[in-house]
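So, here's a batch of structures to check.
Common to both upcoming complexes is chain A, partnered first by chain B, then by chain C.
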Partner chain A sequence: MTLSYVPDDTLAHRLDPRSKLLFQVGFAAAAYAYTTPRGLVVLTAVAAAVLGLAGGGPRSLWSYRFALPFLLVAPLVAGATLGDPWFRTDRAFETSLASYRVLLVLAVAAAYVRSTPVRDSRAAIQRTVPGRAGVVLGVGVALVFRFLPLLTHDLRTTREAIAARGGDRLPVHVRMRLVATAGINRAFERADRLGVALSARCFAWNPTLPPLAFGRLDGVVLAVSVGLLVVAVV
Partner chain B sequence: MILKWVYRGAVVMETRTEAVDLVGDDAAINLARAALFAALVGAFAYVSFPFPFSPAPVTLQVLGVFLAGILLGPVWGGVALSFYLVAGALGAPVFSGGSAGLGTLLAEPTLGYLWSYPIAAALVGGIVHRGTTLRNPREIGVATLVGAMVAGTVVIYTFGVIGMAVVLSLTLPEAFLQGAVVFLPAEAAKIVAAIGILRSDAIAAA
Partner chain C sequence: MIELSGVTCRYGPGGDRRAGGTDPGDGDTRAGETRNGTTAGEGGVLAVDDVTLSIDDGEFVVIAGANGSGKTTLVRTFNGLVRPTTGTVAVNGRSVEEDLVAAREAVGMVFQDPRDQLVAATIGADVAFGPENLGLPREEIDRRVQAALAAVNLSGREDDRIATLSGGERERVAIAGALAMEPDHLVCDEPFTGLDEPARRSVLDRVRTLHGDGTGIVIVTHDLRDVFPLADRIVGLSNGRVVVDGPPERAVASLPGIDVRVPARYPPDTGADETGRSKP
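Up next is the complex of A and B:
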C-alpha cells in the first residue's frame, strides 16, 4: 500500500500546509534533541496523536518498510567491537534509541502526506519561495506528481518486453542500460510534447493558485512548532 | 485591474485582468525536461536489480543522477534533482520503496544520499560540460565521463555515510560498513551502463 493523500475532513486536513510543514521540522528538531527514553515516550504520544488526527494508523508506516533493515541492523553494528568485550550494550542501546526516533519522525511525515492534497502543497511552495524560483519549483513539483505514474508504467512495460525476449540472462549492466535508455527516451519525448503544449496554452509566470489561509487552529499549531524548535535548541 | 459588473446598483460580477507574464519557449522546454527527468528518477526507485553480495536490491536512481547532470547540464540537472527531493518531501512516492514525506529528508538513515543528489548532478554536469554551456555528450571523452561520475559517486557516498552516522548515532567506519561497502560494486555497473547509453546512438533527444 502506497502512502498518499486520502480525502477526509479530519483536523489535520483542515490545517494550512505551511503550518504542517513547520510542525514536522519542529518535531524532528525536538526528536534529535531529546533522544532519551523519557523524551521518546513523550514524542511517541505526540506522533501517535498527530497520525491519529490525520486519520492514519500503524498501516500508514508500511511504505517505510525499506528503512527497517537499516534501523534493525544499526544497533548490532554499533554494539559490535573487535576485541573484548566483543559487544558493547551501551552503544547498541544508544543506536536503538536513534533508530526508534526515525520511526517517530516518519509517522509525523505520514500524517502530512495523508492529509494534504498536491495542489495545496504546490500553493504552499509558491507562496513561501519568492519570485520565479518559487514558480519553477511549484510547477516542477506538480509535474513530477503528474508524470510519475506514466513513467513508472513505461519502465514496467520495458522490463516486461526485455524479459519476454529472454533478456533476463543478460549481464546486469546491459539490462540497466536497456531499461534506462528506454526510460530516458520516453521521458524526453513526453517532455518535449509537454513543453510545446505549455507554450501553446500561455504557460505564465503568474498562474492562479488555490487560496490558502491561516485559521485559528493554525495559530495553535504554529505556536507548538515554534515551541518545539525553541525547546530543541535551548 | 479589477472590473466590476454592476446591474441596478449592485455588483453582480467581478473580473480581474492582470498582465499575463508568459514563460519563454526555451524555458518551458527546459522546465518540462527537468520535471520529467525528476519523475524518471522517482520511477527508477521502482526498478530494482538483484546484485551479487548486496543485501538490498539495487535501483537505478544514482544512474538517473549521473545522467541528469550529463544530459541536462549542471544547472537544469541540479534543478531536476531538487524537483525530485521537494516532490518527495510533499508526498510523491519517489523515495526508495515508494515512500514519501518530509520525514525521509529529516530523519531517515539514507537522507544524506538524497540531499547529495542535486549537488552530485550539478557536479557531474559541471565537469562533463566544463561550465554551464552544454556540449554534445557524444563528443566527450570516456575518461572525462568516468572521472565525472566517480566524483559524483564520491560526493553521494560522503554525504550518505555522514548522514547515516548522524541519524543512527554510529561512528563513520560503522556507517561506511553498513551503508556503503556493499553498494559500491553496483555503482561501477551503473557507470558502465551510463557510458554504454551515451556511446550508443540510443538516446534520440540528447
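Up next is the complex of A and C:
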C-alpha cells in the first residue's frame, strides 16, 4: 500500500491545507520539546486522533515500513559501547524515545498526505511562501508527491516479477541488488515518462491553483497549532 | 490543421529506442542532439524518414505500421514532444517550435499506456491538470472538466481514485485529460492495447462520438480492425517512411509489406490470411 491522497469527507479533508501544515509544524516542535514518556503518551493520543480524523489507521503507517528497521536499530546502536559495560540502557532508552517521536511525526504526516490533494499542497505552499521560492517549493512538492507513488509501484512490481520466477529463493543480498538495479533503471525511465506526460499537458510554473479558504474549523486547528508551538518554545 | 514537411527523426548511434521507435521516452528532445551522453549521427536510428503529411481539422486518420515503424515518434512531433532532426511541423499555421503551448493545446495526446499520462490521485484532479496549467479561470476549468468527463461517460466520478480504475476506465480518463484542453485533434497511441472487448467498444464509442462532434482523430495502431470503418484516411508507415496514404478502401489494397492487422472482410484485396494479418 502506498501512502497517497484518499478522497473522503472527513474532518481533516475539510480543513485548509495551510492549517494542516501549521499543525504539523506545531506537533513536530512539541514532540521535540517533550520527548519524555509522559509527553509522548499525550502526543500518541493526539497523533492517533489526527490519523483517525483523516480516515486513516495503523495500516496507514505500513507505508513507513522501510523506515521502521532504522528506528528500531537506532536505540541498539546508541546503547552499544566499545568497552565495559558494552551496552548502556539509559542511552538506548533516550534514543528509543526519539525513534518513537519520529514515528508520531510520521503518523501526523500520513494524516496530512491522506487528506490533502497534491494540488492543494502546492497551492498552500505557493500562497504561504512568497515569490519564486514558493513557486519552486510548490512545484517540488507536487512532483515528489506525483513521482513517489509511481516509483513505489515500480519497485513493488519489480519485486513481484523477481518472486514470480523463483527469485524469492535467492539470498537477500542478491535480491537487494536485483531490485536496486531494476529500481534505478525504472526510476530513470519513469522520470522520463513523467516528464513527457507533464510536457504533453503543458505543465506550468504558475497554473490556476485551487481556491483555498479558512473555515471555522481551521480557526480551532490554527489555535491548537499555535498552542503547540508556544508549549514547545516555552 | 497539422502540417509536416520533410520531417526526419534520428536518434543516437546506440539506437536509443526509448527516444525513437515505438516508445519515445523523452520530452522536448531534438532527435539527433545529445541524449544520455550520446550524440546521434548518421549511424543512429532513423525513426522517421522524410515524412511530408498534412491532417485536416475534423479528419479521422489512422497511422498504421508494425512495431518500430516510427508511428509514435511521428505523432509526437505533432505537439513538440519529439522535435525533428530536420523538417518542420506546423499546427494551425504556426510552427510547433515557436509556440509549444499552442501546439499542445491544439493536439491532445493519449499515450499508449495511460499510467504514463495520469499524474493525479483522482479523476477530477487529473482531468483538471491540463486546464490548470493553461492558467484558465476556475469556472472555465470546472466547465471543461465536466464536459470532458461527460464525453467519456465518467460524469460524477471526479473523486474516484485512479489507482482503483480498470484499464478501460484509465484509458477514458486519459482521453478526458486530453479533451479538457479542447484540442482540435486528439491523438490516441495504440488506444486498444490491453483492453478487453467491452472496454475496447467503450473507448471506440467515445472516439466515434468525439469525431462526430467535430474533433479530429488520429489513431496510432498496428491493428486496423476496430478503426477501419471509422477512418477517413489511412497512413501506413514502414521503416519511418510513409508507404501508404489514402482512403481506407484504396489504402487497404496497398498495405502489403506493412505488418498490420486488417479487417478479415478484405482478404481478396489485402492478401490477408485467415487471421486478418496482411502478407508481405
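Going forward, the second predicted complex is superposed on the first by the 157 of 234 C-alpha atoms of A that agree within 3 Å, B and C clash if a C-alpha of one lies under 4 Å from a C-alpha of the other, contacts with A are read in each partner's own complex, and residues count from 1 in each chain.
Simple rule for what comes next: contacts are C-beta pairs under 8 Å (C-beta built on N, C-alpha and C of every residue); 3 or more make two chains touch, one makes a residue touch a chain.
Worth saying up front: this structure is predicted, and the values here are computed from it rather than measured.
Visitor: If you count the residues of chain A that each partner touches, which comes out higher, chain B or chain C?
Guide: Here the partner covering more residues of chain A is B.
Visitor: Touching A:Asp192 in the superposition: chain B (first), chain C (second), both, neither?
Guide: both
Visitor: After lining up the shared chain so the two structures overlap, which partner does A:Asn206 touch, if you call chain B first and chain C second: first, second, both or neither?
Guide: A:Asn206 sits against chain B and chain C alike.
Visitor: According to the stated criteria, A:Pro7 is in contact with first (chain B), second (chain C), both, or neither; which is it?
Guide: second
Visitor: Check the residue A:Val141 against both partner chains and state whether it touches chain B (first), chain C (second), both, or neither.
Guide: In the superposition, A:Val141 touches chain B alone.
Visitor: Could you say whether A:Ile125 touches chain B, chain C, both of them, or neither, answering first, second, both or neither?
Guide: first
Visitor: Per the definitions at the top, what is the overlap between the chain A residues touching chain B and those touching chain C?
Guide: Looking at chain A, the two contact sets intersect at 4-5, 118, 146, 150, 189, 192, 194-196, 198-199, 202-204, 206.
Visitor: Applying the document's contact rule, which stretches of chain C touch chain A when the two form their complex?
Guide: So the residues of chain C touching chain A come out as 18, 24-28, 79-81, 101, 104-105, 109, 111, 115-122, 125, 128-138, 141, 159-161, 163, 177, 181.
Visitor: Name, in rising order, each residue of chain A that touches chain B in their complex.
Guide: Chain A residues touching chain B: 2-5, 21, 24-25, 28, 31-32, 35, 63-67, 69-71, 73-74, 77-78, 94-95, 97-99, 101-102, 105-110, 112-113, 116, 118, 121-122, 125, 136-137, 139-141, 143-148, 150-152, 154-156, 159, 172-177, 179-181, 183-185, 187-192, 194-196, 198-199, 202-206.
Visitor: Report the residues of chain A in contact with chain C in the complex, numbered from low to high.
Guide: 4-7, 117-119, 146, 149-150, 189, 192-204, 206-211
Visitor: In the complex of these two chains, what residues of chain B are touching chain A?
Guide: 18, 20-23, 25, 28-40, 42-44, 46-47, 49, 51, 55-56, 60, 63-64, 67, 71, 79-80, 82-84, 86-87, 90-94, 96-104, 106-110, 164, 167-171, 174, 177-179, 189-190, 192-194, 196-197, 200, 202-205
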